[in-house]
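See the structures that follow.
In the two assemblies presented below, chain A is common to both, partnered first by chain B and then by chain C.
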Partner chain A sequence: MTGTLRAGLVLGGGLVLLAIVGPWIAPDPLAQPDLITGTLQSPSATHWFGTDQYSRDVFARLAAGARASLGIAVGAVVVATLLGTLVGLIAGGARGAAAEALRRAIDLLLGLPRLVVLLVLLAAVGPLTPLSLALVLGATGWPAIARLVRGETLRLRETGFVGAARALGASPLRILRRDILPGAMAPALVAATLGIADAILLEAGLSFIGLGIQPPAPTWGGMILEARDHIASAPWLLLAPGLALVVATTAATLIGDALRHRLLPGTR
Partner chain B sequence: MTDLLEVRDLRISFAPPGAAPIVPVDDVSFGVAAGEMVALVGESGCGKSLTGLAILRLLPRGAQLGPKSAIRFAGVDLATLSETTVRPYRGARIAMVFQDPMSSLNPVMRVGAQIVEAIQAHASVPFSTARARAIALLAEVGIADPADRVDAWPHQLSGGMRQRVMLAIALAGEPDVLIADEPTTALDVTVQAQILELLDTLRRTRQMAVLLITHDLGIVAGRADRVLVMYAGRIVESAPASTLFAAPQHPYTRGLFGSIPRLDGPVERLASIAGVVPPPGQWPSGCRFHPRCPLAVAACVATRPPLVADTAAHATACWVTAGSPT
Partner chain C sequence: MTHWLVRRTLDAALSTLGGVLLLVVLVQVLPGDPLAAVIRDFPTDPATLTALRERWGTDLPLGTVVARFVGGALRGDLGTSLAAGRPVTTVLAERLGPTLLLGGLTLLVHFTIGLALGLWTALHPRTLRARVIGGLTLVGYALPSFVIGLILVWLFALTWGWFPPAGYSDPLLASDAGLGAVLLDRVRHLALPLTTMVLATIAVPIRHQRAAVDETREAPWVVAARARGVSPARLAVHHIWRPALTPIVTLLGLWLPMLVGGAVFVEAVFAWPGIGTLIAEATAQRDVPMVVGAGALLILTVQVGSLLADLLYRVVDPAQDAA
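And now, the complex of A and B:
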């Protein structure tokens, strides 16, 4: 195992552990035990990362936020990868007008700024549940995967083993499924892993501007939003979710890079 | 002996938009009987690979078969079938192996899985049966430790072993005809001999018809029953291998033999055929070999020589030498 992969797994594993175990050992992230004297306390043995302006435990909110942020990001990437792989395979495997139309559709969707599409969508339908937010993020993320899979399908379609499979009587669908899909999955998996970082930041960004998960439910982006007014007096409010974001995106990028080295040798 | 596979008047043309049609294969007829090995020999670009691909209707996009072309196999004219109806023939009745065993195996699948895939593509057999068959096929193509190698990845095998695996995959559908397109070109010379030996054994034990497409006359000697020499899209000479090697008739065939170095005899400059093979579309009139032929006469320029049998089995398309003693 390379150092890159190990570092990524340690960081990512730590966050996953935080998301799974954290909420069991931390107090209720929504409880406001002492609004008179318990607000904006600095980190201590009882409140590891301090408390916020409503006297809520920051560690508890960070752990609960990890569940939301990581869950939404992973869900979004799974949706994007499934959709993108399916569309990419069809676009790469089909011929003629259908293939051309799909290619243009992918290019068109790639040309739309994802954040703007999300803003319009969320402004129109209003705040979403975590599950639908994951679906929406996935539905806007698939064109990038589809373009990769399409390109890889076009390349694999001309290889000797696809020609050999055709000569041995394999149907086009069988060739796509058995001979091309496994090879085309490698770049899709790498892109998906790297895409987790994007999805985490996107979700945090949406929550920060108030269009993502709504308060009081804790998310990292929402925590940063609430911490804005107290940057000088209680910097831990900002540091905790900020560092979590940095660690999460770094972990996804490191793992994605390590996967790329393993699955796609020769690329940088 | 009746032919299992019979190709008649095969003509393959490409019609690029706005340009004159190109006919890289013209008027090619031959047959292969069960258990027989026929070699189709010619230089690069003579149309021999296209001929092989045409049999399984695997021609590249834009290629068209001539209206009179027939590819008769087991009472069916494959030339008239559609892409869907020809598919059951591919692999199950007529199998094909290609030149490059490095790229013909899927790098992300274990070799056993690829053989199992080929078996299950043609017959619905349970996985355990298919896997046992895969191991048996690996043993048949001469892979040592087939029970271990069945789980190997393609990159763990040498070129010769990969070509053996390709043969095992081709045999998975129990084909009656095997088309081998330059099966040894990418391999070391010693491995070439082994693969040809294996092809020879397989056609004898399985009574399989083999069409061996190659540019190398040397590998044909002693293994093929019959040799078809192709030049510029046409068959110029067809003869039993022994006759062809003893007494080549067509000046092109003689030229080919002249360019093979001999172990006995004095060391001298190798004879070569003057000029190069013209590309399809620029083929000369009459006998297409005449610009390069040392024996050419006026008739060669004017009229195309037919492929005439001068003895029962030996046919030559030449105005000058056909029928005449060497």
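And now, the complex of A and C:
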């Protein structure tokens, strides 16, 4: 196991642990126990990361936010990978006008900035629940994966083992499923892992500009938005979720890079 | 070349149109009232609703809505903002300047300081300074832009008071202030947003330039020039850097979407009155025509940027024409 992979797994594992165990050991992230003297308290033994302007425990909110952020990002990436792999396989396996139309559709969608599509969508339907936000992030993330899978499918289609399968009389569907899919999944998996970082940042950014998960539900982006009025007096409100975001995206990038070296030797 | 340019421009125009059409259709087929920005939570009787729908043309069939939008867009009319009650294009024009200023200066820093740092770290990879630069750019890249922005506000605006924490200009600045005072005010307001944009994105040009220089550093013509006794400085600039600039121009196409995303979040931190804050505000107000209009402008920017990048690449590398 390389150092990159180990570092990524330690960081990512720590956050997953925080997301799973954190909410069990921390107080209620929505409780406002002491609005008179308990607001904006600096980190201490009782409040590991201090309290916010409503006297809520920052560690509890960070842990609950980890659950939301990681859950949404992983859900989005699963949706994007499933959709992208399916469309990419079809686009790479089809021939003639259908293949050309799919290629053009994928290129068209890739030319659209993801954030623009998300904002138009949010303007049309209003604020989303965590589940629908994950679905929407996935629905805007798949074209990149589809292009990778399509390219890999086109390459694998010309290889000897696929030719052999064809000569043995395997149906095109069987060839796509049994011979091409396993190979085409490698770049999709790498892109998906790296895509977790994008999804986390997008969700945090949307929550930061007030368009993601709505308060009082704790998210890292929302915590940063609420911290901005108190940065000078209570910097831990900004630093705790900011650091969590860095750890999460770094972990996803490190694991993705390690996967790339393992699954796609010879690239970069 | 002309043939290629015509085809490529047509391609960009079609992609822009296709992308914007997709947004318009998306709005129509999604659940949610397109007039939510107007109706909000007010109790509205059916007759008023019908009148409103008729006035804004939201009860028309999908084909008619799309045809109307395209017809208007081709004449430079993107509809009327529901929240502002003014033409979308007028509002966009007001907000374009600040975004172009911030994005343009960011690109300028990328193309000067970014490329120079990339060249320098590629030529001196083992020095402490190169490692510090590499580490700092990585941290900048890992931190979300809005976190960088807020940290800068905390330190340089709130703690030390060197720069204003937000805004485009000082509202208390006398209206008859001299050019020097106005310029100084603008620079002071630009300092933190620009630094944020640069810190959040400069890792990309540095890494690309570094990789490109790694390719040319030991090229045969460099070895030959070194053997001829060409001075190290001339070697670095003339023989190593110049050919390594070619692949960099394609970065322009990659950068524009990134600057779009960066602009939305960085402008939000500093209340910068640009397209980024406009599209975020309009989304919060569910002002659909405004969001689609701003989105169309951003899509156009991205397409024009990628067209320019392709064109520049052909200009600096004529071998592409033969292919």
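To be clear about the criterion, the second predicted complex is superposed on the first by the 268 of 268 C-alpha atoms of A that agree within 3 Å, B and C clash if a C-alpha of one lies under 4 Å from a C-alpha of the other, contacts with A are read in each partner's own complex, and residues count from 1 in each chain.
Just so we're on the same page, a contact is a pair of C-beta atoms (placed from the backbone, for glycine too) under 8 Å apart; a residue touches a chain by one contact, two chains touch by 3 or more.
Everything numeric here is computed off the predicted structure, so don't read it as measured data.
In this superposed model built on chain A, chain B and chain C occupy separate space and fit side by side. Between chain B and chain C, C touches the greater number of residues of chain A.
By the touch criterion stated above, A:161 is placed in contact with chain B alone, chain C being left untouched. Look at A:205: by the touch rule set out above, it reaches chain C but stays clear of chain B. In the superposition on chain A, A:235 makes contact with chain C only, while chain B stays out of contact range. In the overlay built on the shared chain, the residue A:171 is in contact with chain B alone; chain C does not reach it. Once the two structures are overlaid on chain A, chain A sits at the apex of an angle of 100° toward chain B and chain C, using CA centres and rounding to a multiple of 10. Residue contacts after overlaying the shared chain place A:136 against neither chain B nor chain C.
Contact with chain B, but none with chain C, is seen for A:179 once the two complexes are overlaid on the shared chain. The overlay of the two complexes leaves chain B and chain C separated by a minimum Cα distance of 22 Å.
Comparing which residues of chain A touch chain B with which touch chain C, the overlap is empty. Per the touch definition, chain A reaches chain B in the complex via residues 159-161, 163-171, 174, 178-179, 182-183, 186.
Within the complex formed with chain A, the residues of chain B that make contact are 56, 58, 87-92, 95-98, 100, 102-109, 117-118, 121-122, 166, 169-170, 172-173.
For chain C in complex with chain A, the residues that touch the partner chain are 15, 18-19, 22-23, 26-27, 30-32, 34, 36, 142-144, 146-147, 150-151, 153-154, 158-159, 257, 260-261, 264-265, 268-269, 279-280, 282-284, 286-288, 291-292, 295, 298-299, 302-303, 306.
Taken in their complex, chain A has these residues touching chain C: 107-109, 111-117, 119-126, 201, 204-205, 208-211, 224, 227-228, 231-232, 235, 238, 242, 245-246, 249-250, 253.
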